[in-house]
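In the two complexes that follow, chain A is the common piece, with chain B as its partner first and chain C second.
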Partner chain A sequence: MPPLIFSLQLAFTLAVCAFLIVPVVLSVLAGLTVNYFVGLESGLTLKWVIEVWNGYRDTLFRSVGIALACLALTLVLGVPAAYALARAKSRLGRAFEELLMLPVAVPGLATALALIASYGALSGFRTSWAFILVGHALFTLPFMLRAVLAVLSAIDLKTLEEGAASLGAGPWQRFVHIVLPNCRDGILAGSLMVLTLSMGEFNLTWLLHTPLTKTLPVGLADAYASLRLEVGSAYTLLFFLMIVPLLLAMQALARPRRRRFIPADDTDLAPLALKP
Partner chain B sequence: MNPVPLAIRLEGCARTFADGTRALEPLDLDIRAGETLVLLGPSGCGKTTTLRLIAGLERPDAGGRVLFDGEDVTARGIEARHVGMVFQSYALFPNMTVAENIGYGLRIRKLPIREQRARVGEMLAMMRLEALADRAVDQLSGGQRQRVALARALAVRPRALLLDEPLTALDAQLRDTLRMEINLLLRGLGITAIYVTHDQAEAMALGDRIVVMAHGRVAQVGTPRDIYHRPASAFVADFIGTMNRVRGSETADGFACAGGRLRLPPTGRGAAAVMFRPEDVRIAADDETADLAGTVTASFYLGDRTRLFVDIGDECPLTVESSARCTFRPGQAIRLNVQPDGLLVL
Partner chain C sequence: MFLLPAAIFFIAFFILPMGRLFIVGGSGSRGWSAYAAILTDAVYFNALLATLGVAAATTVTTLLVSGVAGVFLQRHPFPGNRLLVSLLTLPLAFPGVVIGFMVIMLAGRQGLIGTLTQALGGDRLVFAYSLAGLFMGYVYFSIPRTLLTIMAAAEKLDPRLEEAARSLGASTWRVVRDVILPGLKPALISSGAICFATAVGAFGTAFTLATRIDVLPMVIYTEFTLSANIAMAAALSFVLGAVTWLVLALARSAAGSTVAAAG
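The block that comes next holds the complex of A and B.
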């Protein structure tokens, strides 16, 4: 490749990277700077991070809690639903699948308003974090379902199950031994989506939360709107520290198992060892 | 050591699918303990449905009954029928190794671990798969997969083995070898086996008896010899092997047709058509006494023999086989003798 073209490509790539990364770096730096308007020469500090930790720690734990609860809920609801849809290849099943995608298409605000209109009168429920959880589960369920369904549709589930049944396995054994292990990759991919979506969800949560059930993104909006820029940025930094290891872990788990390639052909198939 | 083979009986088993398609007309079938019964027919003839009814993967329409050794098992699902099954696609579990696949039925039956290991080892040895025990199934060749599927089905020592086109996914040469192996295996085990295929050569080689099926009905049940030499209908005659058909009329001294006269023994029925197989035709050396005269229209060299199409003036040309060393040109006149005992009237 001519060096000029290579240099241009490299420059372009670096420019795009910079465009994406510089704001992140600036935001992180802002959270660590004594006075952002003065600049870095004002010195670096953990003051803002500690302030956020002391003031907003509960939102952080609440977000993690809701995300994990949401994951549990979507696993319990989504995996069996995907299994049922994969087995029922009927038109009704297809229609139902489309219906389940609705919460993604409908704006979060509309879903939230519908939830408030329906259940807002149940004050115990309205003021608990479970109310937010319901919204998150509605919004993330399609992602779990789609991820699992895609994997299940790619394997010949019916025949595999018939094979297991022919060996004596009942419905529950087939589900645990055959269905679940073979949709492992879909479940992991779906879990990754659900955790990150729930963790970062703002639209729905903004309407569903109460002052006592703020989640991290809601708290973040709060901090940016009413406090110093440095505090908001420190808040972002904490969010980062929490979500990046999670993303990396999930990504590592979701990586397809690489198997050593072993060439196999039938030229060396030995004759059966039959007893005379 | 080997379990007592199972006798299976189907009584009035019909199968209508939810969309109203009749896959199987009411069927009565007796499968003897220890025999290999082949269900043979073109696709859509109901052979796989019949197998699935026996397996318990499908239920017959109301009134149909499936009996195992006289016991009604119609209401039982496949998991309670204790039959081994080999699927066309093998249905090996991708999340398990070869050994885990073979041992799955034993694990479900909660056999002691020691016994499970011993049996899996036994099956691996018999199938010559010892070296592959810890491989994933997607690291196996077609023939190896087929063996794992067989081993998995046999590991639980079923009293009947059901095979749904087990060789269809393999290439031709391997198919021939494995067909022979399966034959030896089934006979060695003495197990009742029901084998579904659309391949008549496979059916001939494996079956103690063959059930030829068409359009959801049984066209004929018989030994391979019966089916080949005494087909019950024109469908069976045409489906199995190659059959020549000549129209004409029965006379006092044989059967008069275009191209000559066949030495048909009197049938007393006034036959209007006779059939015979290519191997019952001889190319006549003596022009005067030959049964038929015709013209070669095409000649195909097959290596071990030459296949000729001969026009005798009837609607369809005859198919005739000759030794590979003789050469024939299209347009050449030819005379044929047909063995009288090879003539069929339906």
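The block that comes next holds the complex of A and C.
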């Protein structure tokens, strides 16, 4: 390849990278600057971060709580379902798998309105954080399912199970001792994805939340709309501190797996969508 | 039955509510014609056009940018390559509200682009709070995911085909057009469909940037909250859901492989 083309492509790629990363850096700086309009000369401060922490830390704890509950729910619902779907190669199984993917294809607004239209009258449920949890679990379940399915369809599940069954293991024993240990990587990848998505979910949550059940992204939207740029930035900084470690862990996990096994499906997983 | 818990949860909280949403959509003052309003009512139809326009522009731009960068990064393992890939995929799971804020940092009233254009002697260029800002946000959002899909597809391209084409005298451009692009086609279709469906249904970015950007999700939100016209909001969101689902289903049959569902 001629060096000119190489340099042009490198410059282009670097420009794309700058487009993605520069605003992140700017926002982090803005959250730590006394007056962003004046610039860095005005000095660095933790004032804004402390202000956000004092005013909004409840949203942060609520988001973490919902994300963990959502993880528990998707594990309980998703892992057994993935096992069942991996075993049943029937058309019905495929159709059900497609159906379970629907909440990711359908815009969060529609799902949220549907939940409100059906369960909005149950005021105890409507005003609790469990209402948000249901929405998050619907949206994240496909990601858990896909991550586990990707691993299960890469191993020779049938032979392993037949071996165990011939030694007298029942379905439950096989699930606990054969399936679970084998799809550990998939469960881990799915879990990281579920946590990340739940922490950042806004489309559903904006309609499902009540003034007493604000999550971190809801608080962010409030702050962007009504507070000064430095406070919005400091709030974003807190959000980055929560979410970037999860994203880095996901990257680290995806890398060696791509080489070892599952060539196609784990790369399918990453683009599996998240909604702005 | 291992499928039962998921099935019960899913039927109770998705299938039944969606059925309910469909009925609510036909229960307003317009009756069932609410479902036709997206085509017959000028306000909704214009919003639909704006939504599809932004989504189409986002898809084309994202595929071009990620296509060039993705193939390049896959082909050249220069030092720093992995760091670049990490940086480029870092915003993978940023929510829409945060993406909106990133656009404000770049093109907002106190944004970098405004400061730069002013320093260069021009007017302060501010476009975050318009369709252009929304477009920028959706491109920002779509690049990380598209890039991963394209890199995975580029890894599987057979280099011998390109060597053969070159040895037969094909120019770089011909190789790109006749060898690389056809090889990437399934990945381009599937990730393009995801871009498009995401941009059609997205809400958070538009919400952060301005309530006056008239794309369909914002119109639905306004109908629901300000006008309290729940039937119309239900009908519109049901149609919106059907559109995104259709785009993904079409892409799946066109690409011939599983297109990950998207939103």
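Rule of thumb we're sticking to: the second predicted complex is superposed on the first by the 231 of 276 C-alpha atoms of A that agree within 3 Å, B and C clash if a C-alpha of one lies under 4 Å from a C-alpha of the other, contacts with A are read in each partner's own complex, and residues count from 1 in each chain.
Definition applied: a contact is a pair of C-beta atoms (placed from the backbone, for glycine too) under 8 Å apart; a residue touches a chain by one contact, two chains touch by 3 or more.
Since the structure is predicted, the reported quantities are computational estimates derived from the model, not experimental observations.
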{"item": "Partner chain(s) touched by A:A30 [first = chain B, second = chain C, both, neither]", "value": "second"}
{"item": "More chain A residues in contact [chain B versus chain C]", "value": "C"}
{"item": "Chain B versus chain C as contact partner of A:I155, first or second or both or neither", "value": "first"}
{"item": "Which superposed partner A:G200 touches (first chain B, second chain C, both, neither)", "value": "second"}
{"item": "Which of chain B and chain C A:L4 touches, first, second, both or neither", "value": "neither"}
{"item": "First, second, both or neither for A:I178, with chain B first and chain C second", "value": "first"}
{"item": "Chain B versus chain C as contact partner of A:G163, first or second or both or neither", "value": "first"}
{"item": "Overlap of the chain B and chain C footprints on chain A, listed as residue numbers", "value": "264, 269-275"}
{"item": "Residue numbers on chain A that touch chain B, as the complex places them", "value": "155-156, 159-160, 162-170, 173, 177-178, 181-182, 184, 259-262, 264-266, 269-275"}
{"item": "For the chain C and chain A complex, residues of the former touching the latter", "value": "1-3, 5-7, 9-10, 13-18, 20-21, 24, 65, 68-69, 72-73, 75-76, 78, 84, 86-106, 110, 112, 137-138, 140-141, 143-146, 148-149, 151-152, 172, 191, 194, 197-198, 200-205, 207-208, 217, 220-221, 224, 230, 233-234, 237-238, 240-241, 244-245, 248, 258, 260-263"}
{"item": "Chain B - residues contacting chain A, complex", "value": "55, 57, 77-80, 82-85, 87, 89-95, 104-105, 108-109, 125-128, 135-136, 138-144, 147, 152-153, 156, 170-171, 174, 177, 181, 184-185, 188"}
{"item": "Residues of chain A touching chain C in the complex", "value": "1-2, 5-6, 9-10, 12-14, 16-17, 19-24, 26-27, 30, 36-37, 76-78, 80-81, 83-85, 96, 99-111, 113-115, 117-119, 134, 137-139, 141-142, 145-146, 171, 175, 193, 196-197, 200-203, 206-207, 217, 220-221, 224-225, 229, 232-233, 236, 239, 243-244, 246-248, 250-251, 264, 267-276"}
